[in-house]
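The following blocks contain the structures, represented as structure tokens.
Both complexes below contain chain A, partnered by chain B and then by chain C.
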Partner chain A sequence: MKNMLKCAAVMALGAALIFPGTDTEAAAAEPAATASQSPNCVVMKFSDDTRYKGLESDERFAELVMEKLMDSGRFKLQTQKPIGKDMEEMLYNERRQEFVDAKRAIESGDLSAVFEGQAFKDEMANTLSTADKGQIVASAVTSRIGKESNAEYLIHGTIVNLGKGTWEDTDFKSGTSLAATVLQNIPGLGLFGSIGGGLLRNANKVDTGFGVIVDMRVIRAADGEVVWNQRSQVRVKKTKNLNVPLYSKNSAALNETDYVKALDKAAQEVVKGMVKDLDEHKLFL
Partner chain B sequence: MRRNKWMAAAVLGAFTLCLPFNMASAGKLDAYRNMLAQRNCTISYENITPAEREHNRDSSNLSATFGRMSTPPLYTHKGYKGMVVMQGEDRYVETNYGDYSKCQLKKGSDVYDFKREVKKGKETWKSFDGKATVVASEFQPEKELLYGESFGTSDVSRLLGVMLPKDRIPAGQPVYNYVGAGNLPNGQSYEDYKASSAAGLEAVRYYFDGTKLVRIASASYSRNGAGQLVGRKCILKIMDFSGTPDSSKLSMPAGLKAKSLQK
Partner chain C sequence: MRSYRILLLACCMLMLATQVTLAFPRIPADASVSIVGIGYMGEDGSNREIRENLTDLATQSAAFYLSRSTSLNITEVADRGKILQEQGLALSGSIADSDALKIGKLQHADYVICGNIVGMGINYSDENNPIFDRETTKAVAKISLHLIDVKTGSVVSMVTADGSSESNSGSVLSILRGLPQASIFGGVDFKNETTPTGLLTNAVEDGLTGAMDKLLDKLAIKHQPMAK
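Moving on to the complex of A and B:
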């Protein structure tokens, strides 16, 4: 036994000598190299599609995403803060005359001017929040922002849903259901197995916490094309309500700290997804 | 006497001239109108222009249309595919988001609402509360008399509903009038309809490849809460619209039990 341990220590030392931190040096060099190679980006003012606009979740979330993008060292951001311009408002202003002209055309009976026009092409997005990958938002607006900010890509997010919720731990449920089946089928246990199995089958574990659903998109400024988008759903579990017969444990209510944690976790998930797709050359097309 | 004959001829001539304008609406859409009106059809489509989320920013406008309010948030703003199968009083409506579908099966006066989920490659059918048995709710004909028949989301219900004969349009709902028809440079043809109401203005174009309905597009314009004119488009790609009901959809999926209200 002692000889085996000595042998293992010698082999480990040999490996350290042969491979003296090469990977670490490469990893340390890579982020800086990638950031300088990535195109110029700006983070736009985000949108909030929830009922809770008073919470200013969009601003908070945008700042968290910006912070994590900067911390990753992988993105060449042109500003230190999200750009304050409201893209949705800018897009609406750009299209206002188009709506007036289209309404007039329909009223006069010239429907082809509308249906066969540029705005009706499949690739033209209805709105920013419904724009999918490959679709185009108003290029006049995106290219203007891009020129003003010296950015090739605009990063925009939408908070789609935000709220407190409860959800059953389905893994716990699957486990107890399986255990119940086994217990009820063990020969010889008889009534004990039947009762025990029944108790297990009725046990459940319900988590409470904050949930956030966000959409992130990267838009090429020159032509307004959405080159990347991702929807992330994040849950931050705060409390665990365990209910088995003869025992239950319920925890306290949620607070603002939990809400901020949920936004922070969502920002982490989003940036993690962006870095992953950046590495796989799927982010900037 | 001669004068009366001339007058009669003039009236008859004017009437004959008017006929083509009325009969022009008896175009390619009629075949599809009849399938819907006779409730014998299978329709399969894809909506590539999902609606913006409602009931969150400002509106408290409730709607009786199936599918508008209870789509899980994870699927909002996402395109979807759908299916409508009708055979007499039976009807199946599905809105499919890929790994999740909302389904409704109407069998006589029983209405079953359930969902389809795909997790880790495995497809399961359950009631909305996660059970393997779906309890029927009672069909409410007055709801459809007031708001129109439901074919899925509000966009799909409205665009298919435009095709129905005018006597099937509920009182108070916009009536879409035929505007005209024509041909497109790509070889397709179209028929246009338009409606105007206090809620706004909408035009709908039905595209045909030969006599086959391939696409429905709508452009609607209304004022938002701030008084701004906003426009919205909706495009349905029609994959199938036939007069043969897919009977496999008019019964409960395997593994899902139904509890009827009928005794």
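Moving on to the complex of A and C:
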């Protein structure tokens, strides 16, 4: 009996080691075990509220978010590509009648029709980009997208702000100033201490980098309710100038790869937040 | 009691094996795959020609990589241009999955691979110290790849990878040139002649190779990693 059990354990261990790596003949793509517990989601076309639309930050950000969502193995993405329809345009068309009614009411001077209309209800989101948790985005549109894509939830992101800056590293400056003071006050170093301290005091480091603010939201397709949202702010930096005694390093200005790095970091942050809230059952209640 | 422990361990091992197997998407080892194309993201008129040349190169490299290092059945990349012309499709800029699917269907492929150069650029930096001074030109590219099931239209897997290539020029111990004995040893100059376009090409190829390796590893398809 004992030998049989040992044999079973060895066989199981063997299976565990061999099975996952070599069975390429296994049919069709199976979703991750954990992802299969998640409802169907679809990643929508993201929006870019900054003045840098020509950079296609929304497309790049969506691509990076999708890759990380898939990599997490926690989300079942029905259409794992931003779908071609521009959701904001569809939403605008959906609310066109609301705008027409409001215009008519303003022209007639009877504003109560405006304030009592759908647009002024607390639970209604003004725009998709500003939709907060608990607010409703046009349900007729979201449910149509959900049905077309066979998805229960829609994932949408907005790039709220994108900026670059250059600043002096004050921590570095404080550190070198402190080191200079110590060096100048070490007894016995004399002139060397004074010269070394003086050189250190002139050391400086200037950083440059990109900052990105993004909003991410998950919308229940059936009723258009925003069930989850998060704002993430990230900054990536690199050394622009470094001057220390006997050494200097300079880098040219920021470029496209630095900006993509910032978007990538933002994508990591939002997906981390989604996975965390999924684990804590705050997402997909 | 000990027997039960061993039995429990065996069960856990089997469950782990099954879970890991399910966690990875798979495709048949002899599936027919079409490399639809690698596009680029970000409109930049001044660099459009370079970007288009790089995307063409990346598409060719991807097909070459797969046909050389896997047993997958790769459809002719040459057909792609003909199909695009016949269907009035133009693949410029970033490549949408929907266009990739159309081409895959016309090529009777089981799966299509498409992707994008998500970003690329060149960093210039210089370093100076008494021992050496060096100027570095480093090209970096981020590549994404999607594998799409033509039958269901769903993306089976998606990866991104970074590629880079750099060249250096400068001198070592050039400070000695100021000494009277400079004629004996006056330092050494070094220079790399690779052009920025050449560096970008190498970075894109490096990124593509990395992305391909990652994709095939995820799909657990046996492959021979290409020499970089």
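Please note the rule applied: the second predicted complex is superposed on the first by the 194 of 285 C-alpha atoms of A that agree within 3 Å, B and C clash if a C-alpha of one lies under 4 Å from a C-alpha of the other, contacts with A are read in each partner's own complex, and residues count from 1 in each chain.
By our rule, contacts are C-beta pairs under 8 Å (C-beta built on N, C-alpha and C of every residue); 3 or more make two chains touch, one makes a residue touch a chain.
Since this is a predicted model, take the numbers as computed values, not measurements.
Undergrad: Return first, second, both or neither, reflecting whether A:109 touches chain B, chain C, both chains, or no partner chain.
TA: So A:109 only meets chain B here.
Undergrad: Identify the partner contact of A:126: answer first if only chain B is touched, second if only chain C is, both if each is, neither if none is.
TA: first
Undergrad: Could you say whether A:187 touches chain B, chain C, both of them, or neither, answering first, second, both or neither?
TA: In the superposition, A:187 contacts neither chain B nor chain C.
Undergrad: Please name the chain, chain B or chain C, that touches the greater number of residues in chain A.
TA: Partner touching more chain A residues in the overlay: C.
Undergrad: Return first, second, both or neither, reflecting whether A:259 touches chain B, chain C, both chains, or no partner chain.
TA: In the superposition, A:259 contacts chain C only.
Undergrad: Under the definition above, what is the set of chain B residues touching chain A in their complex?
TA: Touching chain A from chain B are residues 48-53, 56-57, 73-74, 76-79, 179-180, 182, 184, 190, 192, 194, 201, 203, 205, 217, 219, 221, 228-233, 235.
Undergrad: In the complex, go through chain A and note every residue touching chain C.
TA: Its residues touching chain C are 1-2, 5-6, 8-9, 11-13, 15-16, 19-34, 36, 54-56, 59-60, 63-64, 66-67, 70-71, 73, 77-81, 84, 246-252, 255-260, 264.
Undergrad: For chain C, which residues count as touching chain A in their complex?
TA: The contact residues of chain C facing chain A are 2-3, 6-7, 9-11, 13-14, 16-29, 41-43, 94, 96-98, 116, 118-130, 140-142, 144, 146, 149, 153-160, 219-222.
Undergrad: So in the complex, which bits of chain A are touching chain B?
TA: Touching chain B from chain A are residues 49-51, 53, 92, 95-96, 98-100, 102-103, 106-107, 109, 111-112, 114-116, 119-120, 122, 126-127, 129-130, 132, 160-161, 213, 215, 231, 233.
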